[in-house]
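Following this line, the structures themselves.
There are two complexes below, and they share subunit A, which is joined by subunit B in the first and by subunit C in the second.
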Partner chain A sequence: MNTSDSEEDACNERTALVQSESPSLPSYTRQNDPQHSTTEPKRRRHANSDSEAGCVTHGGVGTATEREPGHGPDGEDEELTLKYGAKHVIMLFVPVTLCMVVVVATIKSVSFYTEKNGQQLIYTPFTEDTNSVGQRLLNSVLNTIIMISVIVVMTIFLVLLYKYRCYKFIHGWLILSSLMLLFWFSYMYLGEVFKTYNVAMDYPTVAMIIWNFGAVGMICIHWKGPLQLQQAYLIVISALMALVFIKYLPEWSAWVILGAISVYDLIAVLCPKGPLRMLVETAQERNEPIFPALIYSSAMVWMVGMANPSQASDTADRSAGRYWHRYCLRISPLIRRRVKLGLGDFIFYSVLVGKAAATGEDWNTTLACFVAILIGLCLTLLLLAIFKKALPALPISITFGLVFYFSTDNLVRPFMDNLAAHQYYI
Partner chain B sequence: MTAAVFFGCTFIAFGPAAALFLLTIARDPLRVIFLIAGAFFWLVSLLLSSLVWFITVQMSNKNSAAQQKGLLIFGVVLSVLLQEVFRFAYYKLLKKANEGLLAISQEDTMPISIRQLSYVSGLGFGFMSGAFSVVNILSDSVGPGTVGIHGDSQHYFISSAFMTLAIILLHMFWAVVFFEACERQKWWSLGTVVLSHLLVSCLTFVNPQYEGSLIPTYIILSVMAGWAFSCAGGTLRNLKLCLTCKDKDFLLANHRPR
Partner chain C sequence: MNLERIPNEEKLSLCRKYYLGGFAFLPFLWLVNVVWFFKEAFVKPAYTEQPQIKTYVKRSALGLLLWVAVLTTWISIFQHFRAQWGEVADYISFTIPLGTP
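== the complex of A and B ==
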């Protein structure tokens, strides 16, 4: 199957781990709090000086914080960081876990995604059906080089588009890619699930199901929708994308690609000339948020009084990219924290765990990779709290995941199998 | 039939632990994080012990069944000792982290006490240990097959489930006693915990004579339960007050507004 270019979009864009002030929005002000009117413009200026977190890409987590005006400096901030830091971690654990559960459940039940019938993506043209180990290794490295270069080129293209303000083009690109995911891939997925469970189904029903699913998804992701529905859709499209990767990437290429993409993520986000960093800095200069959609945002909001969403969306509509405001109702002047994770992270975590589940009958490997990825995510968020700057979310988790995958598969599995055969317990 | 075995064994093995998790840990994000970190530490200890075992197996005579069995027993003992070492390492890490947290935050009390941490980390160890022991067995119990077709025991699945349950709860109790012993510098208690873990693992060598392994394990479980209860500050008086709903502190604590 040759997939079109737009399939890559969901995973091409990169998100940086950015600690930033939230952009300005007239927040609901309590009548009895005169501070807000005076500190509002100050906060707005301060907010605009940092970038809004996260463009649409893989590899990143963004945290936007709006601090209560008039609070003292670091002491109070530290306390709040600690108190709510754990909540952020859990707010990311849950969707990452859900995505992985969906992928693993699909892999274990629907055999379509583990069948290899020789079809490969155009990005990985070298086959792995070779006779010698060396040739296979070489082919997988070549596949990786091609895939990573495609991703680099796409990212640079995206950065250039953004730099030259081709917002309509970017927006159209994103809409096309989410269209494809929500309609075509979910239709394929549904078809395979029906085949697996031998469910008789007619085309009109399927058309209605897919139409509804896709249309609601497009609205939720690109326009307005309940936060939880939007989160659910983002999880589902990440899972679909991950399943496509698991099916169409050859065995060894997939592992090498996972390793290479973590390295690329590290470079792209941390190096001064990295595309992602340039993207973030450009957005900072223009005081704009970077890209809509394809960022998972888990809003944690303390509601004080009534919300005023219409007011929020008026100001939100002002500039070209302020879609993400609509995701998180800005309704309280109190401390609001929001954590965002790029969908590319979801996708690659799920690819790793899905591949662990796909190879063999062993559940221990899957469990080990799952725990390793969660711990990597935890450490990444800890580093974010310490360094408070853009950080990539892929490297630590993927490294842990890869280490634990290979070691559990080769070392722990024979040990545990032997123990289970004799029923010895450790 | 197989579905019944699968669900039955799953609930036997993980039921109490899942209930403990849902009722006491799931609501507090900090505890969840420490639980997963505990699971990670257990995993690392298993990895190291598997590595050593693997190396010894590669160097040994693969055809001699007696030697392989001996190496497996060595692997079990090594694994138990490594688990306890990592439990100690986790304790040290938690102490450091707690002190760090206390230094940074403005509050006077730590956000999570060392006793809660011992409970949570023990449960984390237990979950991971239980999962690794029994998940493959459970997934096999779904599929078509005949238990004990070559003359092995018919009670393989259910005994595995009960053993897993015991191990998970034991890990929790061991962690509570262990951390308390480390806090109070009671090295004898520490030694007893390690020895009881070794004893429980060595008892499984008599499998499939399940009377020889399961019954003593459950006796050890009840002893450790009582010991952990008293380490955590429980007394008969507390227990009575709690059960008759007369414990004022507990009632007040549970009526605080969210």
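== the complex of A and C ==
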């Protein structure tokens, strides 16, 4: 996804970005309270017209380098960018790892999330309890098609909402989604954890716990709160969402959906036509920063004296219970450095690793998937630093993850088992 | 949000809002208030708004301790007497452990 039309001019990206200056920063300041949005793809992150690549929808990764005019020679900029970029890569590893650890720990200990009792989401109506392999495959593909179309529809709906300035609707939608996530899902989660550990608990105490957890969460995410707490809440809600997906998506459908989402991400971010582009261009025309609905930010940036940015919202769309992600990754050198990753990415990475933990026979598969995702993330950030435009980050990690999962499960594990059986150590 | 970069009046206002919010049965909010503003109130060199922030932090800590005491008492009572209370205990139970009476 291109940053702006100016990139299509004769000037190269560097010169096009040179004019970027502080006005783009207001978007950073709002990072303090990223709107909560899950579901439906469309998290937009859009900086002002002069700079940064907006990345949005479905894990588009945007990178923008902001340079102040009159900075040093290009080589130095390059080096600074990469150096800070590397630092922020590491800073992203920690939350992604934490999210995955929480999901895997829950999957392994609380059996609720791996029990299939026939309940499915309405977005995946076709059952996988069929007799033949072909039928099952067909059903999972159909489920995927339905799911992806829901996402596309929600995306377009969101773009239209944004285009016609229905900010209140978007805000309300966002708040409703985060309410549901913070209260209802965590209530379910707490209940299951207590049941697993056979602990007696009374309603008044549970009510206090959930009320505190949810209320402080809403305050931290939608208003103002300490950065670490905000990051912790975002990680927790991503994990909760991923767990819901793992529970309610049927086996094969989940894998096909992961693959399809990556492809969609690739298309949505790299193709010139699409709702995403329209969104970014609209935002550019209006010269408004768009906030990613759900964005994990590794550091805070404040511009002194900056007034509260307009209500030009973060748009996050949410559809009842469905969370999708958009993420935007930005590497911004020099004065403001910060890296942001959308929560949708956290969610899908965790879904992949969680599914590997749930269905893989042992820890090899889980670890392999985990490593694959981190490698994918590294590569994506590297590409970002090289190309300096929005790139979809989901495809690389998910592809690696899927490849590693299937190959480990089917090739490496029997191999290791055989080696162990024959007491042959390599 | 980084406390370093906002002006002192805003810090005071934030601290006060967190303090007032905690009265809505939100000891966690008081905990966040104490932890977050501790440095501002006690470690930083004095500035005009600091005494007020100090009082808010102290009161939040007090409220937090009170709530912790209440909750601990209630939880201990419940866990200890749950079996003896019979039906009433079951009624207010969220989860009932299997195997133990």
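Please note the rule applied: the second predicted complex is superposed on the first by the 316 of 426 C-alpha atoms of A that agree within 3 Å, B and C clash if a C-alpha of one lies under 4 Å from a C-alpha of the other, contacts with A are read in each partner's own complex, and residues count from 1 in each chain.
The rule we apply is simple: a residue touches a chain if its C-beta (ideal position, glycine included) is under 8 Å from a C-beta of that chain, and two chains touch if they have at least 3 such contacts.
In this text, all values refer to a predicted model and were calculated from it rather than measured experimentally.
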Chain touching more of subunit A, residue-wise (subunit B, subunit C): B
Partner chain in contact with A:Leu229 - subunit B first, subunit C second, else both or neither: second
Contacts of A:Ala86 with subunit B and subunit C, given as first, second, both or neither: first
Touching partner for A:Cys369 - first (subunit B), second (subunit C), both, neither: neither
First, second, both or neither for A:Ile219, with subunit B first and subunit C second: second
First (subunit B), second (subunit C), both or neither touched by A:Met201: second
Touched partner set for A:Gly191, first subunit B, second subunit C, both or neither: second
Which superposed partner A:Trp211 touches (first subunit B, second subunit C, both, neither): second
Which of subunit B and subunit C A:Val110 touches, first, second, both or neither: neither
Shared contact residues on subunit A - subunit B and subunit C: none
Subunit A residues touching subunit B - in the complex, by the definition given at the top: 75-76, 78-79, 82-83, 86-87, 89-90, 93, 361-364, 367-368, 371-372, 374-375, 378, 404, 407-408, 410-412, 414-420, 422-426
Residues of subunit C defined as touching subunit A within the complex: 1-2, 5-6, 14, 21, 24-29, 32, 35-36, 71, 74-75, 78-79, 82, 89, 92-100
Touching residues (chain side subunit B, partner subunit A) in the complex: 29-30, 32-33, 36-37, 39-40, 43, 46-47, 49-51, 53-54, 57, 68-69, 72-73, 75-76, 79-80, 83, 101, 104-107, 111, 128-129, 131-133, 135-137, 139, 156, 159-160, 163-164, 167, 200-201, 204-205, 207-208
Residues of subunit A touching subunit C in the complex: 32-33, 191, 194-195, 198-206, 208, 211-213, 215-216, 219, 224-227, 229-230, 300, 302, 304
